[in-house]
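After the structure tokens below, expect a handful of questions from me.
The letters A, B, C and D name the chains in turn, as written, and every chain counts its residues from 1.
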């Protein structure tokens, strides 16, 4: 029953990527997790969004072993698994090749916080991983991608920014649910676009002040938030 | 009765931002004012456009106190209030994070008047505020944002350009009604896009002549206007 | 009867600009001419495309005097008139503020022929007029805009390129009919976009060879054309 | 019977270009081949996509002679023919003037492999042909375009990258079927867009490592592929 509704939410969170123009053909994948039983629901590999149904969503455990479903899970499952292990608050993970966020990942530049739209959602620049080594690539590649993200966040010492750019690859986002992770991916793309345009207007543009960054992030997050109708303090 | 139709117009002016692709999710907000009784109708905070109804539009007075409606008003209400106080001709205010206008705000560069499309609607460059101070940010932030805009227009000595870029944040636009303010936001975004492309083609591009700027602005505005069907001289 | 069908075609040619995303609100205007009786059918000034009907299309003579219709014609009518006088083969004229073509006009740079898409439709760079003088602006502005275009084509010595950029303003296009003029405006925008991107990839990019330019232009135009199903040699 | 279904597939592969926004008006053309009888089904020249029917698709032999159909084939047929002769695995060819891929062709720069999206589909940079000579242009132009592509691939020594940029012109793509060729054209455009944005963020951006490139290409292609549901090893 619970898995049934998780599958439905994960399907819808995947379709949100289509509705928002973030994915082409079978690109991208979103998963959600049921924390009590440690089960992950994820998009099947290489299946067209148009024909995807809730029962096509694959269920795996936290070791990436399929426990329900007849299709193969997204080939990026092992990356999702590492993110779920590292971030206990993550209820969903979204991976896309959305074009502007991917361009920043390809340029290997963190997205600076140029404005309050960024600050509303990400509490710092959106960081970029180092390149994977040839050994990490030839080994358990997708798992190693996840581990590289985790090491990066260990170094940065914060989990507040729920998005990362994998160098030469594309973004991964997470959030408290699959829907939330998808929405973060959509907003990241808009933020990446605006940061790109900002550079085009003023190559030397700098980030907003820490004071303004905190103000915007904290009016939407945490115990003093005052944006929206329902306060989840 | 009058508030009823104001709510309807404000709802539609908010939805215009969605139709024109200027807002994502709950981004942005438009308000309108009934000048005779000093009541402002504004979008509720953090509510999805898809499900918004006229009765969700919140009514406040010119001190920003809610006088009708069960939802909380947009967190930017205090900025709208300052603009209504400063510009007696303003019947509506629109705030978006539309991507190109926001990029100019993030780059902290006024949008130069590169052509007649700009001149048709804005009687000068679209100015950008100075950065807010840490005290303005930690204090009554949204009100201080409005005050910074007002001070800027005091300095510029003109109210003819009904749009402004808040540094590191995004644009605010106004007009004789909520619909007019929304339309200005849409046109500002197009003008911001064309100015961005212009820089990409000729980094050293300069503004059009004062003569051409005035010609275009005045064929659409004021007592000698001759554009359109109805002359409001 | 003939005017009836001209009005219908002109209405549809105007709506093509909406369908292709070339115009916002009341921006832009397309006209067509009935050469035998020298009557021009043109979009009314400042009327929304959504509600426009064939009977709203205004009929004027070649002096720009309205001879049929209750609405005022587009304020750019005088420019259209000059183009019809200068180019006897022109059956339609289209004016838009489409964003990329306008950006080239704002940058005051002719669009170089970077590739065969351009060569398929324009037999040379798309030229840009000089700035109008203050006297031309304060005088009969719209007529003087048309005269500036005509003088430019006198200098260039060719009427093969049915598009021009008015400096600091926007493009005008023409063709053998109103529909043809609209289509040219749509293709010009695509060509302007690709030329913009080309500069972004290779700032020093140069035009294609004269041989390739002629080959493409002439496989679509003139007595040796071999593109399409019907040969109008 | 077989030709009937080939025509249907070729029609749909052509329409895919419209659905994905890769073509304007009559731009572009897709063909498919029936290898057993050496017959090519191709879009007719200069026909609007909206009204195109399966019976409008023209059938030619491998010498480019029409063997079925009342319309004239795409003027680029001779280029398709050369590609079918050179690449025995090609079951379909797609030609578009999609704007970003065309911009790279106009800039005469190969598209570097900046990231894994590129690597997933193209096993190397997307190469660009040399300019055609005046003799190649004035001679059998479309056939010579095909021969220039073939010579380029002879030099590169690989057929793994099923896309090419013709200098100053636009891309040609191929694949195991007409649908596959269309899909490659769509993905090429996305890859071209992201490469363009990447340059805008980091002018000095370099390609991903050979190890990462091979990893991604080979997880989707060849005997060790593990992406998707059906393994065609």
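Everything that follows uses one rule, which is that a contact is a pair of C-beta atoms (placed from the backbone, for glycine too) under 8 Å apart; a residue touches a chain by one contact, two chains touch by 3 or more.
Only a predicted model underlies this, so the values are computations on that prediction, with no experimental measurement involved.
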{"item": "Chain copies touching (chain A, chain D) - same or different residues, decided at half shared", "value": "different"}
{"item": "Taking each chain's C-alpha mean as its centre, the one farthest from chain C", "value": "A"}
{"item": "Whole-Å gap separating chain B and chain D, where each centre is the average of the chain's CA atoms", "value": "46"}
{"item": "Rounded Å distance, chain C centre to chain D centre (Cα mean)", "value": "33"}
{"item": "Residue list for chain C, restricted to those that touch at least two other chains", "value": "200"}
{"item": "Touching chain combinations (by label order)", "value": "A-B, A-D, B-C, C-D"}
{"item": "Sites on chain B touched by chain A in the complex", "value": "24-27, 44-47, 71-72, 75, 97, 99-100, 102-109, 131-132, 134, 137-138, 141, 168-170, 196, 199-200"}
{"item": "Contact footprint of chain A on chain D as seen in their complex", "value": "114-117, 183, 186-187, 190, 193-195, 197-198, 200-202, 205, 208-209, 211-212, 215, 219, 226-229"}
